[in-house]
Amino acid sequence: MRKIECIIKPFKLDDVKSVLTDLGINGMTVSEVRGFGRQKGHAELYRGAEYQVDFIPKVKIELVVAADMVASVVEAVQKEACTGRIGDGKIFVSPVEQAVRIRTGESGEDSL
Amino acid sequence: MKKIMSLMAAGLMILPSLAFAEDAPVSEMSFILNTFSFLIMGILVMWMAAGFGMLEAGLVRSKNVATICLKNISLFGIAGILFYLMGYNLMYAGVDGGFIGSFGLWGADDAAALAGDYSGGYSAASDWFFQMVFCGAACSVVSGCVAERIKLWSFLAFCVVLCGVIYPIQGSWAWGGGWLSEMGFADYAGSTLVHSVGGWAALTGAIILGARKGKYGKDGRVNPMPGSNIPLATLGTFILWMGWYGFNGGSVLALGDAASAIEMGNVIANTNLAACGGMIAAMIMVQVLYRKVDVTMGLNGALAGLVSITAGPATPSLGAAILIGGVGGVLVVLAVPLFDKLKIDDVVGALSVHLVCGIWGTMAVPFTDSGTSFMVQGIGVVAIGAFVVIASSVVWLVLKFTVGIRANEEDEYRGLDLSEIGMEAYPDFQTIHIGGGSGMPSNAAAQVMTSAATNPAKQH
Amino acid sequence: MKKIMSLMAAGLMILPSLAFAEDAPVSEMSFILNTFSFLIMGILVMWMAAGFGMLEAGLVRSKNVATICLKNISLFGIAGILFYLMGYNLMYAGVDGGFIGSFGLWGADDAAALAGDYSGGYSAASDWFFQMVFCGAACSVVSGCVAERIKLWSFLAFCVVLCGVIYPIQGSWAWGGGWLSEMGFADYAGSTLVHSVGGWAALTGAIILGARKGKYGKDGRVNPMPGSNIPLATLGTFILWMGWYGFNGGSVLALGDAASAIEMGNVIANTNLAACGGMIAAMIMVQVLYRKVDVTMGLNGALAGLVSITAGPATPSLGAAILIGGVGGVLVVLAVPLFDKLKIDDVVGALSVHLVCGIWGTMAVPFTDSGTSFMVQGIGVVAIGAFVVIASSVVWLVLKFTVGIRANEEDEYRGLDLSEIGMEAYPDFQTIHIGGGSGMPSNAAAQVMTSAATNPAKQH
Amino acid sequence: MKKIMSLMAAGLMILPSLAFAEDAPVSEMSFILNTFSFLIMGILVMWMAAGFGMLEAGLVRSKNVATICLKNISLFGIAGILFYLMGYNLMYAGVDGGFIGSFGLWGADDAAALAGDYSGGYSAASDWFFQMVFCGAACSVVSGCVAERIKLWSFLAFCVVLCGVIYPIQGSWAWGGGWLSEMGFADYAGSTLVHSVGGWAALTGAIILGARKGKYGKDGRVNPMPGSNIPLATLGTFILWMGWYGFNGGSVLALGDAASAIEMGNVIANTNLAACGGMIAAMIMVQVLYRKVDVTMGLNGALAGLVSITAGPATPSLGAAILIGGVGGVLVVLAVPLFDKLKIDDVVGALSVHLVCGIWGTMAVPFTDSGTSFMVQGIGVVAIGAFVVIASSVVWLVLKFTVGIRANEEDEYRGLDLSEIGMEAYPDFQTIHIGGGSGMPSNAAAQVMTSAATNPAKQH
Amino acid sequence: MRKIECIIKPFKLDDVKSVLTDLGINGMTVSEVRGFGRQKGHAELYRGAEYQVDFIPKVKIELVVAADMVASVVEAVQKEACTGRIGDGKIFVSPVEQAVRIRTGESGEDSL
Amino acid sequence: MRKIECIIKPFKLDDVKSVLTDLGINGMTVSEVRGFGRQKGHAELYRGAEYQVDFIPKVKIELVVAADMVASVVEAVQKEACTGRIGDGKIFVSPVEQAVRIRTGESGEDSL
């Protein structure tokens, strides 16, 4: 099994979710993160002093999938989340040794 | 019911007090009380500007909250200055049954009263103050409707024209002693003159601006964009309710004689019960229709009741006031989805509350006030509506094709707070970009994406 | 001190003004001023409904905020309608030393005054308005205490009975000229008639409903469920403080003569200093007991001072007012943990503030008012308490065994905002499910789990 | 313009009303109206305490919000008690052209009026109440400036001295009939006596306390620490604006004759337009200078206009009022970065608004009031400034070297809510520790680290 | 060493924490996430339009443990977090190569 | 490639960010988490009941780097985030198999 972490622009979340469910993925875990990268943050003004907000809101999707799904998921997310402009984000894939469904105690790919 | 009305409908009641004008001490007291009533009630009406501000700040998404706050407080500043520069005189000076007053700065003249002649009835500035605060209310109606997408300075420019020109001109027709007042059109405290005027201006604005991105799906779906702070919206409604006692109660325009005081008592009790009726009716409607009570509909219902009674709060019995308000509450629950069906995007329900119920309230006056007629009321509603729609369309379009009125899509997505004023309303709180509350449903996201791809500006 | 009191305790003071009734102009002025005082002070009391709303919205957890907002504004709507339908007449019409007034819609009758006879003293509607707003306050006390677990419509049904039946019946005993007033029971503005009435109704409600899940651990531990918005609670307290000037100041029931104006000045100064005393005393107590100042205790302390002075704000000196309020502030700090020890779950401290200090304030009147006795005050407190406890128990139990009063555990865990009204108060803000502030301590979690396992409904 | 002023500048206007004192009925009415005006306007001024509270709660970071709420409401409690214990008499009793009144508890004496002699003009307690609420305002100015780093109890101790000693002594010089009033110094409602007094006390406090950690970088950089709740700050400004009608309008000190009522109307209209002018001017300034409109500058601009007009709201025309306020609005936009350049850390802009514009407003009086001179106005400003700076420096330094005034660095970093009062203002909301809004920019972080390493206390 | 990620229902957090400390675990890192899975979200109503909130609040616990602890931790969490109803969540185990305690610079299992 | 997860005290974020950018790192993803460990939380008081808040705000930095950068990054973060007092946090290193830049589709170390 592999864990795929996708860091994307927030407004892309619904599109990415749709394409993933189309691929038959029916579980994922999402969180709000802040990204630092090539894309620069916005300037804010407060009482005569301007300042840069370096960290940009991003959404992180984590999903654990069977190894044979990795290629198609990565490709789908990459295509769907892409706007072609700086800050579109990253996809990282890493190994997972074990997975358990808490409700039933099932483990392995059955639990996903 | 300003100025002119005090000599018309309430004419008989005012007479005793004018009679006292001969015997110095009493008439001085009447003068003082009339003045004090204008001031206190005017302060309550000013407070409604805060109510609109909080209501709207509670009903927009968090990324537009600071901007709507700024709009609401600055429009009140504009109202004051414009009503001094030209509004008051356009509305009240030398209308004489016509269509418009005269131009010129307003200045207080209390020489007669200071010399002991109290027949003027009240201090000049107290009257100016009371009339001025009404003008701000019309702008507040607009700001809520066109929120979350209009540019700050274009909005303020519109307010300048609304306060300086549109509002006073139509106001002169009825309250300034113009042609409508001569026909017998009755609008006690402004269901039409204030609320539906704001509503018409907002309607043209909402249509010309277009809906917020993502609000309406291609398939006709309405995507909710929930308000970010319900207690703030509730506070705003309470403030408006409180201020409305001054709005309607002060519109007796006198306190110097018992008849006026009695009328003020009746007006305030009726105003209160119309709000009660509107709110409870809206809550029941929404429970029946949707099986759950949407708080914001209850709030809108209370305001609907208030707008509905405003054209004639002196004549109904308490029971009739509940009914008039209650119909308003029902109307608002029906009107909100209707405007959505028409794809007219009204962020806070301003059209349903102020326009629809403003018309309803005006047309309901003849039910309890035999001195009025449905015909004349209808003429007033249509005439003022037509004038405001035309005049504000012109202003909106001029603004649109010169400085522009709408924030670009990228800015709208990021929120006007960052793009227009460079700050956040709640910088310490983490806001949600996932799921509910983001106000960015999937087809909206798609639209924004397209725009993002074709518009290589600063991004997210 | 309504109606009847104006003919009793303040009798002598009122006389001069009644004397003027002969000389037309002046008495018309008295009539106007009395009326205007009712209206302005009544508006301030109405504003207290907003204060309760914000206080409670600040002190519940974020998942119940929209619901508490809705409850607070709609109960005010109910109060208005019910006081028109039956409350006013039950309380004031033909009580004649008895236990209840008469049934019937209320309607204004100002014929005498309009015909130039001002001996009635004030406009009918102004009086109705002023009495009505008090009725809403009693309901507001209940809503805070039973928050976060009671069903919306059951709560509103209770308010209907409280406003329409329970409040006016007991009110008739003292303010309506019933048996308690004949005995000489003194409650100027309602420490007992309003605040402890609300408190008793809340107490029975809290007991019959039971505590919020997780509030009390098996080992006797009290699990704090911190309020979600302290500035909102502070704002609510400021609003209540402001409104209380009208609550007590308006209860002079007259402004038409110098003696009444003087009394109003004293009442307002005393009201203010009692609040100061209550707040500072509570802050010092809490600092001494816990080494830190819990803001919400300071806020409750101010309100405790206000409730305490309400039974007799005209007679104490300023120094005595500080003491009366200060004792209230101390009581509240002691009462809050006491109710927790009794496992009576009072979300906002309503019992400690309104019930405990309402009793204290009523019993403290004889210290500064020689016309009253501890015995009679005690009889009033007990009689009204017994009546309200019994009557409201009946209502709560009827509701419990018919429509049900308590949200199920799952709904309570998710919050009433989602389960009862299907919306969130702060949809844009991320709320905390980890650690402090979640109000879901471990044993609570255990309880909820059990329930979840046995109750296969929609889940989290 | 308190007490003494009513016999000076407005002397002529008051005469007619005093003349009526002979004919009983009318003068009783004047007495009532004067009293009622004090009460209603005083209630509006009390409301400003809530306005300051909300403004400050909105402009501090979320970790200090509960503490600032507590400070703002408890300082109002302190003001009431201290003004009773000593403040009123120090300010008004037997000043006789001198530098100080007398010591002693205040007590109402209305015997003359109750006996039918209304020449006193108003009820004693109404006057006490109106004067007392002003005293709270001066403290509120201080609390905003020294927020986010001062210890709770040390701050309250300072308020005790400010309300009980500093404020009344300097107040006696002008409003109590002391030496400044004899020179002809004019300060109608307190640009100097209230606002700049608060400002000077705040300035010394801010300097002695030092800036918040991290506010000023080594390289002269100013690190913004954005306010956590902009709608709350906006609400606070609306409340202050509303309350200011009472602040200035009530300072007519009479309503018993037509001339006073006329003056009150003018004062309120001018007050309103000065706020409008200040806000619009500030918005334009900030747009021109920074290309974006900082909401908080707009809010400060409105307040700047209000402070500016306060020294002389009766004499300007409406146009002049706009200008006076507008200059205030410009000043505030320039002063905010100036204080930052001086590394005087003023959290909410209190110095720019209350001190700078308080001085400007006082010096602007002679432009429209020919009875005053720049020289005398300047003497008043300097004398009061010097006295307050010296007196409050002594108090701050005594506190500093005894109980301490500043929270330690660790506590400051965690926020005063956790360290001083052990609770959170918004416990349910996730707050941001990453990036903007944290108010913890990099060099600040560095400083905190150093402290953390050397100070082995409880940590984060 | 292994990293164990548990996605659970929020109200289970305290129970799971207790059972983990009973096992001798004395460090973990927790965050708020939103889950998408078989469990369906709730409907909300706003101004006449109903809508579904797909993402459900969950809590993610991350803890790094020595390899020999994995089995007992996974079992304990599965048991404690289980309500038997849809949406109970998942446990994922993945490899960790290195761990460092920042305060002391210790590394490996000593640092946990 | 390796993923380095650093759990640090919030006020250290800017310093750590600086030192990382000095090392040539130009991307990272940050999130707010709550830590449970040896460091004890603070006590809060509410209406007469005191209670302990066990979970302490921390910041988690995740960054994926080429394998040869790991040592220097870990060392730099450890030094910079250290105050020497309990609760300074942890650094965990784990394997990453694949990385993709969404904007361009590049993968591997080029995508970082």
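A, B, C, D, E and F label the chains in the order they appear, each numbered from 1.
The working rule: a contact is a pair of C-beta atoms (placed from the backbone, for glycine too) under 8 Å apart; a residue touches a chain by one contact, two chains touch by 3 or more.
What you see is a predicted model, and the numbers here were worked out from it, not measured in a lab.
Chains making contact with chain B as well as with chain F: A, C, D, E. Under half of the residue numbers at the chain C-chain D interface are used by both copies of the sequence.
Spacing of chain A relative to chain B, judged by their CA centroids, is 46 angstrom.
Rounded to whole angstrom units, the spacing between the C-alpha centres of chain B and chain E is 51. Spacing of chain A relative to chain F, judged by their CA centroids, is 18 angstrom. Chain D has its Cα centroid 32 Å from the Cα centroid of chain B.
Shown for chain A are the residues that touch two or more other chains, namely 30-32, 34, 44-46, 50, 54-55, 83-87, 94-95. Contact of a single residue of chain C with at least two other chains is seen at positions 25-26, 29, 40, 226-227, 229, 235, 292, 294, 296, 421-424, 426-427, 429-430, 432, 434, 436-438, 441.
Here, these are the chain pairs in contact: A-B, A-D, A-E, A-F, B-C, B-D, B-E, C-D, C-E, C-F, D-F, E-F.
Residues of chain E that touch chain B in their complex: 34, 41, 44-51, 53-55.
Chain E makes touch with chain A in their complex at residues 2, 6-8, 31-38, 54-55, 58, 60, 70, 74, 77-78, 81-95. For chain C in complex with chain E, the touching residues are 413-414, 418, 421-424, 427, 430, 432-434, 438, 440-442, 445-446, 448-449, 452-453, 456, 458-460.
Residues 222-227, 290, 292, 294, 296-297, 333, 336-337, 340, 349, 434-437, 441 of chain C are the ones that touch chain F when the two sit in their complex.
Listed in rising order, the residues of chain D touching chain C in the complex are 25-26, 28-29, 31-32, 35-36, 38-40, 42-43, 46-47, 49-50, 53-54, 57-58, 65-67, 69-70, 72-74, 76-81, 84, 105-108, 110, 113-114, 118, 122-126, 128-129, 132, 152-153, 229, 232, 235, 420-430.
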